[in-house]
Structure formats: structure tokens, C-alpha cells
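Below you will find the structure I want to go over with you.
To keep things simple, chains are lettered A, B, C, D, E and F as they appear, and every chain counts its residues starting from 1.
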Amino acid sequence: MTEFNLPSVWIQELTWQEVDSYLQREDRIVIVPVGSTEQHGPAGPCGLDAYVAIALAEDVARRKGVLCTPPLWFGDSPHHTAFPGTLSLRTETLMLVIRDIARNLARHRFNRIVLINGHKGSNLPALTTAVRNLHEEELPGVLFAVADPLHLARSAAGRIKERPEHHAGELEISQMLYKYPELIRKDRLTEEWVDFENVFGGFVGGDLFGPAPEGVDIIWSSREQRTFTPSGSFSPSARMSAEKGKAYHEHMVERLSEFIDWLRGYKGPIGGAA
Amino acid sequence: MTEFNLPSVWIQELTWQEVDSYLQREDRIVIVPVGSTEQHGPAGPCGLDAYVAIALAEDVARRKGVLCTPPLWFGDSPHHTAFPGTLSLRTETLMLVIRDIARNLARHRFNRIVLINGHKGSNLPALTTAVRNLHEEELPGVLFAVADPLHLARSAAGRIKERPEHHAGELEISQMLYKYPELIRKDRLTEEWVDFENVFGGFVGGDLFGPAPEGVDIIWSSREQRTFTPSGSFSPSARMSAEKGKAYHEHMVERLSEFIDWLRGYKGPIGGAA
Amino acid sequence: MTEFNLPSVWIQELTWQEVDSYLQREDRIVIVPVGSTEQHGPAGPCGLDAYVAIALAEDVARRKGVLCTPPLWFGDSPHHTAFPGTLSLRTETLMLVIRDIARNLARHRFNRIVLINGHKGSNLPALTTAVRNLHEEELPGVLFAVADPLHLARSAAGRIKERPEHHAGELEISQMLYKYPELIRKDRLTEEWVDFENVFGGFVGGDLFGPAPEGVDIIWSSREQRTFTPSGSFSPSARMSAEKGKAYHEHMVERLSEFIDWLRGYKGPIGGAA
Amino acid sequence: MTEFNLPSVWIQELTWQEVDSYLQREDRIVIVPVGSTEQHGPAGPCGLDAYVAIALAEDVARRKGVLCTPPLWFGDSPHHTAFPGTLSLRTETLMLVIRDIARNLARHRFNRIVLINGHKGSNLPALTTAVRNLHEEELPGVLFAVADPLHLARSAAGRIKERPEHHAGELEISQMLYKYPELIRKDRLTEEWVDFENVFGGFVGGDLFGPAPEGVDIIWSSREQRTFTPSGSFSPSARMSAEKGKAYHEHMVERLSEFIDWLRGYKGPIGGAA
Amino acid sequence: MTEFNLPSVWIQELTWQEVDSYLQREDRIVIVPVGSTEQHGPAGPCGLDAYVAIALAEDVARRKGVLCTPPLWFGDSPHHTAFPGTLSLRTETLMLVIRDIARNLARHRFNRIVLINGHKGSNLPALTTAVRNLHEEELPGVLFAVADPLHLARSAAGRIKERPEHHAGELEISQMLYKYPELIRKDRLTEEWVDFENVFGGFVGGDLFGPAPEGVDIIWSSREQRTFTPSGSFSPSARMSAEKGKAYHEHMVERLSEFIDWLRGYKGPIGGAA
Amino acid sequence: MTEFNLPSVWIQELTWQEVDSYLQREDRIVIVPVGSTEQHGPAGPCGLDAYVAIALAEDVARRKGVLCTPPLWFGDSPHHTAFPGTLSLRTETLMLVIRDIARNLARHRFNRIVLINGHKGSNLPALTTAVRNLHEEELPGVLFAVADPLHLARSAAGRIKERPEHHAGELEISQMLYKYPELIRKDRLTEEWVDFENVFGGFVGGDLFGPAPEGVDIIWSSREQRTFTPSGSFSPSARMSAEKGKAYHEHMVERLSEFIDWLRGYKGPIGGAA
């Protein structure tokens, strides 16, 4: 592995010449953390998803010696916008932001761009289509990847958590507690959850890491959300713990590290255009 | 159930006054079939995904007495565009098409709009974000749903198929054979498949209905696709049969019918705005 | 003439390898049928314009051995959107759809793209500007053409019809009767028409195939349309007949066939860029 | 008729309070002249189409006492852009410009907006779709009309001119000579013309005011145009005369004046929304 | 200096071959005058800013022998749109118009494009970002410059005027009086002005050419503007004079002429890409 | 003054209910820090402009008890994109991001939105036009303001610095040293500067806080920038000091605090719509 001896993994903390020195290596990997600012129930901070992306990005970057761009604090969360503090980009705006950032990175010769999404699922349509189209049309020589807790912890989550996890639940609250304990309001933890069976008739699953029904995706708005979960809690957070947070977080950092290793050795067809 | 006595379930075959008569009922459901025109390996027709959407839409519409719009033959398939016959809309274009159609339907007082996507997965970012944003910003009084074989047959698929199913595989080829047998080139069935482990290092699953790895989404282009599957076959199609096709198709029609029934009785908060 | 021995003229019914085999010839012509889903008075189906495009495309394609893309069922019809069943794309959306499809076709090396518009006139602004700009800016090596009943039957129409023809009139209803007789409600034929002189003061002509006034184009909305033609009939349909439909349709197929022949032999400057 | 006693018909020459005083009347008509800056052969100025729009607008406005906006000098002319001096807006840009101007006019309570297009035909897709969509979606209370020499002089043109007229021909050169004689280079008049039969095989007519073929629209680019008419002359201009120009121009002013009169008395459904 | 012997400096008054002859020189400079149509108080015409741009462009072009495009009469003035006669383009529309015109000019090999903005300040965001992005992304071989009275007369203005100048004030009214005396309503001159201290608390300066406060930009709408200046006058115009107008105008023409001279001799890095 | 007793001024660190409690007051002020990620010469970090915005926002927010949104790390910097580490949004993208965030804030009833721009000048076109259009068209009840060091320190800067300040100069490097000393590479401070007179002929000023020439704005690209300042330093940074940084920073915090005070007491017409 190429040695990494810059004073920070964050581009915003480096001079351009330091970034330039990193680009002399062959494996020019960069991580882009993408978050969201949105309600996370009575106990979680509005920036939770961004903190998830930042923490994952920073920990894997330090462990593997790769650079990160500054985080994007804003994601695609229209269904939360009836709750104050939610600041959502429109899907098209988010696509443009990702495209602009990726074009700059590619111009500087980064050739492996890994988006880390902290906003489980909901940012993925914008992120994956933005980079898919860019890779097809403009940047064949860049390998793009999109990482998300939903996939990184697909099976591990079930071993760690006790309750269904959808939004503002046990796992992500625990992860915050582990990494940023001052951001959790421990006196506001809750057993409140959304009865998906009742609201969505068994067609939409209430545990993003659990077995899903043979379903149909039913779209809800933020106003409707306030009627079926006035507190914004979709999943019980009361059983959170720093230990669970650590297990969940470190599992993902480990899996991401394996991915970075694979990227470094990868010689296949993806992203290999001249 | 309200009686349905129009000469067709397809709006394109009805006069506007016939459509208007349907809108006198309380449950003003409409189905929008969305397909794709893209390569489906040596044995499958380019329009396969659209035929899937059309067949599902028509069968459930006839069974439950609801209307369908004409199909959209074009979807979001940039990763197949290096294969002749693939006609892909850009993600943003598809979003606009869905939005325009939905706005017209809502203006005519349809209040439950069910998109049926025949293009497993790949159209979903455009479809779900288009209707999610529309529901949030403009059409709170419409309930939107998006149905997709990936979810409708989530567990059933595993009981029916023998091999991994990604694209142009046993299940969708069987479904075609069952519904449109003349569209399958039986002499071109194949055992060819993509070795996902080899190409994507175990981070991307090769069976959309099977257990998925703890993964990272790796983006590939159509040019790259032609290098790792020159025939366009991702999954073996040789073991297809009309019986499998029937089991797969009828399972989904049944599940969609249950959904229509649920929609008819639904009194919850979604889509209930004045 | 190059022999055509594929099982269908429709790309959606062919495998990509069959489409590829067609592209080995020198004259790589493709037809794109563009319709509309909109009210066509008490007797005509909402999909009439799309059926016109499909029937013209299929008949000329079979006669001359060229390929067709799947049809676009949706066109640019804002002035009909107050009538249920009308599903109109915004002008900009239609331009984008045409552009996306044309770019894909050009990428696959089709070099003569013929749009057949079934929606007399109203789609033309979007269609002609979309391909004009594409040809100027991106695809100089493709010859684009746009065919429309208004021009194909410019003089013949007058010999066939007895009454003024604007929308939902004798000619297009006859054409449906000839090609898709089950789609016409014969008990709903009508003598109703719009008195253009009265509504538009002699500045807008009421017969699209007749002599036009020295005029000014006056724009009307769908709501206004419902006031001046509550049934949606602009032109009398009562004198329709399958014979008139045959004469009208076959005239256009013949003229389109002459055009395909001319295209095959064409060696001039248009679309000849390297 | 309401008296008009402002010092100019041009909004750009009036104070806002003068414009405001005009808006106290019931018939709040405004004319928007839309031109083009593009090659007009060896004898005609690049601004010819804009001068046509300006002259028509000013003469009818003075005769009937209505206001005009400043002219738009730029139109939609991609097919001329290989000739220096051509300054073409993209179709979408022109649509946005028209929309912005119309929205401002409507906000100020103008309720009849007449676009006068000097660029025969080629601007019409952008102009008519822009105002059609605006009238349908946002401004039901405004009557929009689009006037164009092609329609205003549809039959009169044939009585005045001796030769086919397509672009830079006898009629529009004569009109310039009549209104702006210093803009015509009399020593560069030409008999050059484009042999449409030869270039377009009889599917595209070479006389915009003459009988048209049963045709198909064939799209050409500006580069191709330079090959089939290196001088930019589509139609012979040598027989131009100020008398022909006067007859042509005054005929159109007269027809436009009749239209303004009709607008003033109009009580029908168009543009009558509250 | 290359000799200039064309009959006009305005492209709209020249044939394309005359424009072409100009392009044979090495310094292919072109001026684009950009104005605005907006209220200018009780004494000034709505087109004032466009007349400023036209007069500056024409005078410098004649003096230095360079070409001008036709003027754009419309600018970015949302904050004036509550006053009749204001016709504002949206910022994005103006950016597109500038981009389209610049692309055409560059295609014709103009290599120095000077925008002259008559609308002090308010058009600058659209103009500068449009050409900055174009120069960065598409047209590295063109040198773009943007001239504005605010900068051209930065220090001279203070020597000429007696009163604060913001909008519709002494300087621009004087300039009109000097160049287009018939456009000023001398009986409507006014001492009215906006008390910026009172409205904006000392954070926004009321003299665009005077010392500015340590400030914060406070955004106001056109409706708000009508409350704090019902007449539209921001600055006193009563002390205007043709002499002041001449001093102000000729100072700017002189400075622009120096700039053209510098451009002609310039050999530096800007706009020098192959 | 209303008491502020939330645990943080940053929305990302608060729960939605804490944000909601803040919105019970009458003066619902929020600060949006907007930065940039771009080269800042050999001694400054790429994120310098974002750190400026963050530090100003946080310090004034804490002093006056108002909330801040998370920062936007990306700005409009095309002219720096040839230097690695620069991550620039396109102007239109930045406008959309600001618009989306502002719409969310307004929906939550924030009624005074103060953008603090750390990227001196270059972000302003996007920021001011975005909020100006939003205030005019959609959000008349919100008062928008845009603060920028260029204006906040307009005269004070001259008293503090010794050398011309354009980009990466003495003042902003000093400000970093004062607030984030670890981000400055003290061994890379430089006396390098851009000779504006030589590059831009005296038409563009090299000191953003100094007297400006009677000028013309000349646009340069990032590639050109690398030729005239290979290190990216526009202004000497060698004389920086924490004392200068403190004086500069605290002056701006003080001025912003005065602005917040004024906003709280403001009863004028701006942002007062129902």
C-alpha cells in the first residue's frame, strides 16, 4: 500500500499542493460523504445522517489512507419536510450537486470515487442515477461506487439490534451515541414506532434490515407522516447502547475497508477506459 | 366492488366519455405500465420489460375492473445502450414523463395512481422520486404506489426459479414464454451468465431475488457490460418454461389484486388530503 | 433493395442481435411512431393519434422492409387536457424524449430517422425543433425527417372527405374504422362541429386540409375548448366510411413508401457528414 | 375606439406612468415584435426578420393606437448558424424569453398579447408552444395570438411576387426596400435559388406561399445549407421593387388592423377567464 | 489599426458577407449591448438602460471601428416588476440568452466579446457568470469582458453629479438628455429619493458611486419597492443637464476606447487558447 | 431580547423539537453559512472560505442567540478548478441549492434568512439572484440578506492589512490563523502575488478592499490562472498574524451583530407580507 503522510484525510483541511501530492499515486481514491439534515425523532439530532456519513468516511479514510471531500450536509428528504429542521434538496438538485463534485474530482484525476451515503436509502435514487449517467456519458475512466448502511450492514444489523429499524431507531441512535454522544438526548429516547401493517396494509416493511413483505411501494408525504408519527419516531430507540453503536459502526468501517482494499487491487473492466 | 362495464381496461381504446363515466365512482384507481426497450440477451425481445408491465397491468386491471393508461415503452437503461435496440430515456426525462402523466390523471380526478414497473429495479429511482416529489409538493390528495417484480415476487421467485436471476434470466424469459411465446427465440436460450464475484469482487449480488452480500453498489457502463457479457445474458435462461412463467406471473397478478382490494378499502392518512 | 428477413418490423419484438443484423446494411433507416392520447370526440378512442402513427409506421415498414421503434403513446396536447383520458406531455418533455430516443438510435448507427406523427400538427413544434437542433449540434451524420398526415395527404384529403376536417372528423375516424374498426363507437358518430368563423372571427381555419384564411393564430385552452365544443368534436364524423379510411390511409402509406425509396437512393448533402 | 394620446407606441420610449395610463382602458392590447438575426443572402441585412416584425408592429400600432414592447432581435435559426452574423437562440431559450415577457405583461394587466413574428415560420414552434402552455397553465385570462407573414399574406403573396419565395427572396427584400431602403445592397441582388426538387426530392416545397407538395419535412443543418446555397440565397431577389414591398407590407398591416378591431369587439370564450 | 470600411457598425444592418469580411482581421472584437426595460421614475423612459448600452456600444464601435450585435432590450429586473412597463427576464433566462449569443459569435470566430451592460449592476450576476462558465468550459479561446457604468465611471461620476445616484437619478437622466433628449419628460423631473438609511438601516448604500457602508445586502421585492418609492424614483433627477450627461457619457466612451485599444494590443494569457 | 437556551446554535446538532421551540419566538432569524472548497495558495487550506463562513456564523449566532443551518462547503469557483482540491458547483446548481434550503426554512416559518458568504464575491451572483427571485416570486414574507466580508469589512480591511488583498492573502490567512491555526502551513507563506496591471492592463483591480480602477471586468479561466499564478497565490500572505486575523474577524462579527439587532427591531416594509 502506498504510504499516506498528509496531515488530514479531509481535502478541506489540506492545501491544494497536498492534494496534488496524493494524486501522484496510482490508486487515486476519494470518498464523498453525503448526508441529510432532517428530523430524527425526539432523541436524535437533525444532522444524524450526515454525521453517519462523516464518521464512516473519516474512519475508513484514516484506516486506509485515502482522501475525503467535505461532506454534503443536505440530502433528499421531502417526506420529512413538515418537521422543522429538515432541509431537503430536490432530487434534481442533489443529482446536479453530485455531478458537479464528481466532474471536478475526475478533472483532478481521481479515478475511484466512493460515495458514502449516511441517509439510509432515501438519497440513493439521486446518487446512483447521477453517477451512473456520468460514468456512461462522460467519465468512463472513473470507477464509481455508492455505499450505504442498508447494504453494508445488511445481515450484521440483524445480529446487533433487538427491534425493527426504519428511521431514528436503535441502530442509528446507538451509532451516534458511540461516535457523538453529546448529540443524543438520552432523556427523550422512546418506544414509539410506526405500525406499518396498519398504515400500509402489509405492503411496506417496517424493518429496513428485516425480511420484507411481497410488497408495493406506497408513497407518503411529510404532512401524512406527521399524522402517523407526530414525534417523528419510526422505530423504538430506547434500547440503544454505545456497544451496539460500536458493533454496527465498526462492522461497516471494516466492510468499507475491505472494499477499499479490493479497489486498490482491482484490474477488471470497470472504470478502466483510457 | 363497483361494477366495471366498459369495453376495455385501456384508456387508449376508450372514448373520453367512457373514461369520464369510470370517474364517477369513489375509488378512481388507474394503473400506469412503465417498461423499457433494451437488450435482453440472445433469446429475449428488446421490449421484454414493457411486455411484463403491460401483461401485469392488463391482467390485474381486468380481474379487478380498473383502468390502465397506455404503456410507456421506454425506461432508464443507460447501462445497456451499447447494445443495438436499447432505447433509454435519461433519468430526468423519465421523471418528467411520469410527472406529466400523473398531473393529467390527477386533473381528471384519478386519486390512486399505481405505477407498474416492468424493468426490474432500474426504473425505480426515476419513478419513485418523481411521484414522491409530486405527492409532497403538488398532489397531496393522490395516493401513489409503485409496484415492481423485485418486490411483488420477493420470496416467491426463489421457490420458482432454479438459477440466479439478474437480467434476461429464467424467470422473465419464462414469463414471456407464458404470455407472449412468439417473442422468445427458443433456439437461442443460453447458460451464459455473469460471474459477479469475479467482476465485482463479492460486493454486488448476482441474484436479484437471492440473498445479497454486505455490499457496495458498483456502477458499470454499457461499454463495460459488453466486455463482461458480450451476449447481454446476465443469467442462464435455458431452464425456462411456460409453467415457471405462469407461476411467477400469476403470483404477481394475485399480489397486485390484493393490493387493489386494499386500496379500495383504505381509509388511512395517505392520499387523503382535501 | 436489401432483403428484410427478420420476424418483425418492431424493435420491441426483436432481440438485440436481430436489430444488429439489420444494421449491417448501408441504408439504416428507422421509423419512430409518435402519437398522442387525447379526447377524440364521442366516437373516437383516446389513443386515435397513436393508432394512426402505429398503422402508418407498420404498413410502410412491412412494405419497404425497415425497422420501427416502439410507439410513443403520449404527445403534446395541452388544449385537450380538460377532457378526461387526455394524457399530454409538456412540450419540453416531448422534446427530451425525442432527443433521447434519437441519440440512442444514432449511437447504434441508424442514419436515417423518420418520425411519423399521428397527432396532426400539434406535436410538430416539439418534434421538428428537437431533431433540427440535434442534427445541427450533435448528429450531423443522421438524416432526420418528420412525416405528418397534414402534409402527406395535403391534396388527397380534399378528394376523399366531404366535410371540413379539423379534429375527430371524417378522415381520421374513417382511418380508424378501416384499420381498427372495434375502436369506433358507431352509435356515437356526430354532425357536431366547431363554428370557427364564430369563435375565431375568420382568422383561424376550420379545415386543416382546406383553403386557409389570411390569418392569425389564436391560442385556446382546454377549458375554453370545453365551452365551444362540449363533446370534443371539432368536425362532423357522421359521413365516415371504411372506404374513405382506406383511401386516406393507403394514400399516405404509398407516399411514405415513395419517401423511403427516395431515402434509399439519396446521395445529396443532407445527413452525409462523416 | 379608445383614444390614444401617448407620445409613442413603444413601451421603451414611455415612462411607466404613461404605460400605466394606457392600462386604464378595457382593451389592454400589446404587440410583441419577435425577429431574428440571420443571414439573408448577399443583398439583405442580417436583421431583416426583426425589421419586418418592427415595421409591422409599429405601423399597426400607430394606426390602431396600441402599445408595443421593445423588439426581440434574436430568433430560432440553427439552420443558418454556419453563416457569420447569424445569432440564434436555442428553441428552449426563446420559449423562456417569450414566457418571461408574457408573464410580466400579464402581471401589468395586459389581456391581449399579440406576438408578431418577422421570421417566417421558423420561430413559430417556440412562440406558439410557449404561449399555448402559458395560457393553459398560468394565464387563462389572457388572449394570446401569433401573427406571421406566412399566414397574414397567405393568398396575397401570390398576387404580388413573380418568383418562388422561401428565404431572402423577392417579397421580403422588397418589403425592406420599401421600409428601410438603405439596408438593401442593390448591387448584390441575385437570381440564385435553391433547387428544392433536386436537394429534397420533391418532398419539401420551395415556395412558402405556393402550392406545397404532399410532403415530408426533411431537416437540414447550417453546414449542409452552405453546401446547397453558398451565398445563402434560397429565392431570387432580383425582381424586387419598392412597389411590391409596399403592396406586401400594407396588405399585412391592413390584415393585422382588422385583427385588432376584431379583438377589441371580441366577447367570446377565449381569454375570458376571471 | 485595421481599417473599418463597412456601412454600419451594427450586424443587423450588414449582410453576412460584410460581417464575414470583418472577420478576416486578426482582432475580431464584437460588442454586445445588454439593456433592460424597466421603470425609470416619472421622467425616464422604460428603455433607459437599453439606450445607455446602445449609445455606449455605438459610440465606441464607431470610434474604434468594431462591430456590435443587435441590443438585448430585456434584462434582469424582478425588483421593478410591480411597475407597468417593466419587462424582466428571469436570471436563468438571461444567462441562456447570453450563452446562446456568445456561442454563435465564437462559432463565427469572433475572439474578443465585450458585453456592455446599461443596467447598472443588476444584470451583472447573469452576465458575468454566463460568460465565466462559458469561457471555462467551452470557449477558452475567447476573451470575454463585461463593462458597466458602475465601474467605467467609478470615480468620474463623483466629479460630475451633485446628488446621490442609485436608480433614475441625475447621471443617467442626464445621459439620456444628452443622447436622446426627446425621451426625457422634463416636466416630471423630481427631487424624490429613497431614504436608504431609514429603509435599510444603514446597511445598504443609496449612492452607487459614493462611499458604501460596511454593509449587508438586503433584498427587496417590487411590491416592497412600490411602498418605499411609489413613483419609482430612487434618486433626485431635478439637477440633470445635458452637460453632465455629456461629461458622464463621453468619459465612459473614452474609457471603453482605451479598453478596445488595450484589447487590440493584448498578448497575454487570457483568451489565448488554441 | 428573547432568551436562547438551546444546547447549540447549529440545527444539525439539535432535535427537530428543539428547532421547533426556537420558532415560537417572533423574530425567527436563521443564518446559512455558504463557503467554497478551492485552492488557497501554498499556505491556505482548500476549505478556507467555508471556514470563514462557519466561524462568522457561529460567533454571531452564539453572541446573538440565533440558529444556523449546516454549512454548504461548496461554492461557485470555476476559475480555480484547474487546481486539485477545488470542488466547484455550477452557478445554476448553487442557485438551486440555496433555493431549496430557503424554501424549507420558510416552510418552517423562519422569516429572516441571512446568508453568510465566506467566498468573497464569487458566490454572490448565485446567492443574491437566488434569494431575490425567491423573495419576488414565492416568499414575500421572508426578509433575505446576504453578508460578505467584502462589504462587512469594506473600510476596516484597509486599516488592518498592509498589502493588497485579493485571494489567499494576508487578511483571510490571518483570519484562519486566528480561528483555526492548525490549518495554516506557516512554512509555505509567500510574497507571491499577481501583477494585475500586467495581466489585466489596469482594468481590473488587484485589491478587493482597495481603490478600484475605472474598469472593465475581464474574465479568466482556471487554466489561464495557472499560467499567471502557478502557486495559486494572488496576494502576499507573508505578513499575516493572529492579531490581524482577530481584528478582521471580530470587526465582521461585530458588524453582523449590529445587523441582527437591527433585524430584530425592524418594522419596515421589507419581508412584511402577510
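The rule is simple: a residue touches a chain if its C-beta (ideal position, glycine included) is under 8 Å from a C-beta of that chain, and two chains touch if they have at least 3 such contacts.
Given the structure is predicted, the values throughout are model-derived calculations rather than measurements.
Note on connectivity: the fewest steps through touching chains from chain A to chain F is 1.
Shared contact partners of chain E and chain F, listed by label: none present.
Looking at chain B and chain F, the chains in contact with each of them are A. At the interface between chain B and chain C, over half of the residue numbers involved are used by both copies, so each side presents largely the same positions.
Repeating the A-F interface, with the same residue numbers in over half of the contact pairs, is the pair B-C out of B-C, C-D or E-F. Work out the mean CA point of chain A and of chain E, and you get 47 Å between them. Separating the centre of chain A from that of chain D, both taken as means of CA atoms, is a distance of 55 Å. The set of chain F residues touching two or more other chains comprises 81, 90, 92. A ring topology is adopted by the chain contact network, closed into one cycle in which each chain touches exactly two others. Those residues of chain D whose C-beta lies close enough to touch chain E in the complex are 10-20, 23, 37, 39-47, 50-51, 69-74, 81, 83-90, 92-93, 96-97, 100-101, 104-105, 107-109, 183, 185, 188, 232. The touching residues of chain E, counted against chain F in their complex, run 76, 78-79, 81, 90-92, 95, 114, 124-126, 128-129, 131-133, 135-137, 140, 143-148, 151-156, 198-201, 203, 212-224, 227-228, 255-256, 259, 262, 266, 268-270, 272-273.
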